[in-house]
Amino acid sequence: MFQIRSLGSCRFDSPLKKSLGAKGHKFIGFVTDDDRILYNPRLDAFRTAITHGMEDPISIELAGPREKIFFDSSKTKAAIVTCGGLCPGINNVIRALTLELYYRYGVEEILGIRYGYSGFTQKNFEPVKLNPKVVEDIHMIAGTILGSSRGSNETKEIVDYIENNKINMLFCIGGDGTLRGARDIALFTMLKGYPLAVVGLPKTIDNDISYISRSFGFGSAVQEAMSSIKSAHTEAKGYYNGIGLVKLMGRYSGFIASETALAVNDANFVLIPEVDFDLDGKNGFLTHLFRRLESRHHAVIIVAEGTGQNFFDKDKIGYDASGNKELGDIGKLLKNEILNYGKTNKIQVQVKYIDPSYMIRSTVANSDDAIYCIQLAQNAVHAAMAGKTNLLIGHLHENFTNLPIDTAVSKRKNIDPTSPLWMNVLEATGQPVRMKNS
Amino acid sequence: MFQIRSLGSCRFDSPLKKSLGAKGHKFIGFVTDDDRILYNPRLDAFRTAITHGMEDPISIELAGPREKIFFDSSKTKAAIVTCGGLCPGINNVIRALTLELYYRYGVEEILGIRYGYSGFTQKNFEPVKLNPKVVEDIHMIAGTILGSSRGSNETKEIVDYIENNKINMLFCIGGDGTLRGARDIALFTMLKGYPLAVVGLPKTIDNDISYISRSFGFGSAVQEAMSSIKSAHTEAKGYYNGIGLVKLMGRYSGFIASETALAVNDANFVLIPEVDFDLDGKNGFLTHLFRRLESRHHAVIIVAEGTGQNFFDKDKIGYDASGNKELGDIGKLLKNEILNYGKTNKIQVQVKYIDPSYMIRSTVANSDDAIYCIQLAQNAVHAAMAGKTNLLIGHLHENFTNLPIDTAVSKRKNIDPTSPLWMNVLEATGQPVRMKNS
Amino acid sequence: MFQIRSLGSCRFDSPLKKSLGAKGHKFIGFVTDDDRILYNPRLDAFRTAITHGMEDPISIELAGPREKIFFDSSKTKAAIVTCGGLCPGINNVIRALTLELYYRYGVEEILGIRYGYSGFTQKNFEPVKLNPKVVEDIHMIAGTILGSSRGSNETKEIVDYIENNKINMLFCIGGDGTLRGARDIALFTMLKGYPLAVVGLPKTIDNDISYISRSFGFGSAVQEAMSSIKSAHTEAKGYYNGIGLVKLMGRYSGFIASETALAVNDANFVLIPEVDFDLDGKNGFLTHLFRRLESRHHAVIIVAEGTGQNFFDKDKIGYDASGNKELGDIGKLLKNEILNYGKTNKIQVQVKYIDPSYMIRSTVANSDDAIYCIQLAQNAVHAAMAGKTNLLIGHLHENFTNLPIDTAVSKRKNIDPTSPLWMNVLEATGQPVRMKNS
Amino acid sequence: MFQIRSLGSCRFDSPLKKSLGAKGHKFIGFVTDDDRILYNPRLDAFRTAITHGMEDPISIELAGPREKIFFDSSKTKAAIVTCGGLCPGINNVIRALTLELYYRYGVEEILGIRYGYSGFTQKNFEPVKLNPKVVEDIHMIAGTILGSSRGSNETKEIVDYIENNKINMLFCIGGDGTLRGARDIALFTMLKGYPLAVVGLPKTIDNDISYISRSFGFGSAVQEAMSSIKSAHTEAKGYYNGIGLVKLMGRYSGFIASETALAVNDANFVLIPEVDFDLDGKNGFLTHLFRRLESRHHAVIIVAEGTGQNFFDKDKIGYDASGNKELGDIGKLLKNEILNYGKTNKIQVQVKYIDPSYMIRSTVANSDDAIYCIQLAQNAVHAAMAGKTNLLIGHLHENFTNLPIDTAVSKRKNIDPTSPLWMNVLEATGQPVRMKNS
């Protein structure tokens, strides 16, 4: 389940042997495929294994440079593609991939595919040639210099393009849908016997990829999201019974909503997809909200965009180009419900609704993410040069890992309502543990 | 027309005489009512006056401390009220008013009226007692610690409250509507012979008050608005035919939109209330927008909220509590028009619409505004202590001024389409001088 | 070696049982002392253990709330002390300790000791009473509201104070020296049989504590340090042969220097204590620096403060109040050496030297650190309430841990010159792997 | 005295006539040489003039586009040079000059002189060719892309270079020394009959140029300086008798020190060159400082770099390359005096000294300065194209002006100790009006 696919045996010496060893000193930073870390580092799991003579527990391959590599650098051609919504750090990844390929491995042909997977299939989207000069300062720029798009594309067409252009390795920067696309490309080329290394770099601002401690851009997003909460707080306090309502990202998980609530500490309610609640009724959200207004006369609410989808008519929900379910707009629904409740109960309220999504997505990576992106990218290049494919680069227990795409996309990471994180949120907000009537 | 009303003769020595003169050195910073500046500092106006033996040209009284004052500090009670939408710097003004009254003039009774003018009339809104301890750090906090509200209130009720509470001076921080309210209070008390000094501090994030070089908070708003334009630019470049559309404040004038466009320099179109345009037709906005997309494949549009009201059905427009006309949502209208044009002409576009209003209003004052707010407030206290009333504090030709409220609200300041400012915008955006078909 | 000391058996029910379980739902977030994580999560270590039938490998106790606790909340008195240099996040920790003690455990007597350990011994330093109201907004303030100091103090005097004031638990926020002091207090009271829980919170901006993935404030420091590097870069490029030289924190380790170099990517040389270099000679630093100047005419150097101490006369080095060796000023030494080299070789240079230390230390915690500080503090309270002592709260493999102080201070964490981190730095700077002549 | 020199009669039509008039609409933004503003806009000055039949009062020519211009755009070659210390906004000015020359006037040959005036005389400093593409994003970069230098150079050599390279207009971005150099170049070429338009753009972070309301970069500097004061405040409060001491720019004037003190409001003492003080004695600075420590146990001091030069041995003062007097380091002197006073009087103090100079100089222009720089640059181009020379672009009474260089450098602007600005500082700090013993 956690085994990485390989294109074949590694015949070439890694150029790192020379470049990073000091004169007369051997480079000793290489990693082997036997270097793995336990998924579960708990002592009791270890003891159980000892006692029961168990086989190997679940472990994950360490990422890192290999002493022998599969591709001959001078004949290698790489491609980079960025898909889905914007996220802080994409350009940092593009830059670090390019620098690593070029300077450390000597790969000089690097194509930047335009506008996501559609760049493989739409004739007028000419790829960009990437090199150290082109990418020099792009880490200072938000967004993606390559452009992005949502939506799936014919795997066959993409593979045709790859073959026609003699591309040997493909770096896919994207989330769930992108990674499934990457897997299909990897499988398709493996079936055809075309040696293509496909390596994913997990870009999900929602931080919901399993087996990975955090996805790049998430920390920067939380930091940027803080100012929207501060604004909501200021607006809420500025008026009698003022309510600041902020919708943050999080289709299936409340990580951004929860961590932002902790970081800024001005929210009174955090509503996330993992925790159901009732709107009405004596233990419902509205009752609790207006109880707070009665005593403090202002309130701040954070809601993750995927929250409360049960309040919407399921028959009316569509799908976007990437096959993601279109979400009902919980922000507007809450705003209306609050205004109606106020009107019905003759309580004057002012709702200030803030949707900062694009302003968060389009921020530059902060220092942590900037460093993290470099490291993810370097490990992606190490994996590709070693002929590994159908994997993505992860991070666990302070180590970078090679993770099979299938494993990563098999389930989503989300917030356990009994976890310390959610306990922290409950405490920071003071909101009830349950807001349901039964 | 520019004459300041006075409550009566000034019998008391200003406490500043002692407190700000060094030992044995006289304080020489006093200003007299004869210190005035010309509204028009042009030389040709001067020459015309000389030639024709003209009377005094339009001039404005300088603000500043008077040697003799009207009120006896120890028996004076002041009130401060903040009205209308939030704006950077309100708390700086509250703080500086309090410190000036308390430390420089020895006024120790200072009431902070809650939630705008409604704090005078709603029984449950108890005023806050303000003193140096209470206001010590409030300049670090955005919004208003007093709370605000929109809407007019019965002048009689307000005056009753003022008389009952023996308030001698009222500082009104607000815009157009607030200042008209302040004027009514001033006139009403004058008629009754109740000695109340009413001094306005012009808070309009739109910067549209006449005879004043800039209103406080405007510069901070422009600075904060920059990041929304950068986000729009990032999102626009992130997709094929991406369009970043940002709606900024500006009910009747395009100052924020224009200055932000200059400061950040990523916008391709700036649409403001002062400059009419057509949507359709061969010289219409949509034609020019899609022409730009054709060549560059992304575009950024800034629109001031009061723009293009002629596109809305006039019969459907209502009025808000302050008596402001409710604006049609030009942001959504443009978004829909663009999407429709794309659909009709089979051109794929992505519109990313950003409405950062609350995030701009709720920012803290930047350094320029912080200093400006202190100076406005100090001059407001000087004016009130000298028994001046029905005025607001302005700034012109590098001097602070005492300006009759009637003069200030008699007309709005807006952008002259032949001014250097608008020329700069045209040049910075590259947009056509006219986007009308006839 | 990694065993946590306990004050005795836990007789009381944790109040969390009620407060954090929803009505009729049991709280299931408790941790037991058997919950431990492996220090080394490598698979090969596991296999070796299996094969050789080894005993337990090194493991670390998990932090977290215990179902049974040692102290009776209503009779418990806590004290908090902050020592050493400032660091982002101290007030966040003070705040979260206070809120956790007060709200979750019902401990209402919380003393804030003034100015480090000297607050225990100097009569005029009255402690501050801490409660939720006092700490409400302190996470927005940099530094420490309690004040700090360097220097050791008589353990006996401190313990006398603790006994006289009937303090039951002591939270020590500080680095190496502080933690040794905390250990002495813990041991001294244990010997005397006085039940005091001593829990450390590792504050070291240098990030050099072993067995801990990162110390709080470190990430914020790196983020803040970025702007000093950008300034150095701007100044360097502003003049012919301009050199921007920045001294960053790091007495024994180059973590801040290295991570900042990666995050901002403008440095050409990073000099750290772990990597020796020669100044002169044909493979010395100065030769390489001037070679770079010759081709690019500007350079940026980051030096960690503890670097190159071998260049100073050992006999002249003193010790500060905390017993830390006083460092020779490597920044000034480098500046002079560079100027001399230029003068000797008749090469015009301009050195702009920046020492941003205080501006970094006095920044507010960023979002990551803000959240991390809350979690550290909550776990510190859990440990203290459970009667654990002589420990500090750490973080490893995505889990918070209880770590014996002795273990943590037994050795320093520093940068391995063969690690990916240092490889990244070499690559990002382009500096030679070795700058030594032999 | 305020008359602008001209190279000759203006024979060419301004290209603006076409480019900025809408189709069929005439551009009406032109300014004539008769458009002037009064230097003194006071009403009493006007009345005196009327009464006494006085001649024209002092007036200043308005800047702006002229309908007829001196140079033939297609044959014109411009040069831009940046001198002296860095300052926020230089690149904004370079960019706006280039765009204005290129797009509005059609001047396509624009040289960027490297490293100040030395770029004219040092053979190896090849100029950069500037065009819209090159300058597109430079307003996002701090410093100067051309490089700078201090120091005077032989006017004759510079003029030789200008003649040899057929340069027609020279834009000098710099302060006092630079402007004197520019004047010499202007006079020298006029004497020789070589038609060169020399236009200065006043860059002085100290804001000390007379007849100009503010110099570009000053506002950004104050904003950036705020964080150093906040740091000093945090450090001061972090220790018992902690003192934060910040040295800010200001060789002859205390504008940055004073405005920063107002903007951030944490300073207890502001020391500026315009206000003498004694260190010792019972009304000296040290007495007042330690009195404050006694009551509050922390203090923040801002000192402008040119303050207290009388404390230094005049014989030891040298001159830098630009002919500026080298200043004694008042920051270090104060630090030592404070430590000595503490030692002598057995009062424990901790002095944290911050010198943020380079970090302030190397910041990017804020929104106000960004807009101001565009406008200064456009007016500089208008003046040069109209054949005006030996002038700089100023700003007064909300208008941009053409100011003779001689006028501007004839005296420095500084702070009047009886002005409202200084009164504000005294009040904000609470420091004594005089700290002298006699």
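When the chains are written out, they are named A, B, C and D in that same order, and each has its own residue count from 1.
The rule is short, and it goes like this: a contact is a pair of C-beta atoms (placed from the backbone, for glycine too) under 8 Å apart; a residue touches a chain by one contact, two chains touch by 3 or more.
Just so you know, these numbers come straight off a predicted model, no measurement behind them.
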item	value
Chains touching both chain B and chain D	none
Farthest chain relative to chain D (centres taken as mean CA coordinates)	A
Between A-B and A-C, the pair joined by more C-beta contacts	A-C
Centre-of-Cα separation between chain D and chain A, whole angstrom	47
Whole-Å gap between the CA centroids of chain A and chain B	42
Distance between the centres, which are taken as Cα means, of chain C and chain A, whole angstrom	29
Overlap residues in chain B, where contacts from two or more other chains coincide	none
Touch relationships between chains, expressed as pairs	A-B, A-C, B-D, C-D
Residues of chain C that touch chain A when the two form their complex	20-23, 25, 27-29, 34-38, 41-44, 46-47, 49-50, 53, 56-57, 59, 64, 99-100, 103-104, 139, 213, 219, 222-223, 226, 259-260, 262-265, 366-368, 370-371, 374-375, 378, 396-400, 418-420, 423-424, 426-428, 432-434
List of chain D residues in touch with chain C within their complex	86, 114-115, 118, 125, 141-145, 147-149, 227-228, 230-232, 234-235, 237-240, 242, 352, 354-356, 358-359, 361-363
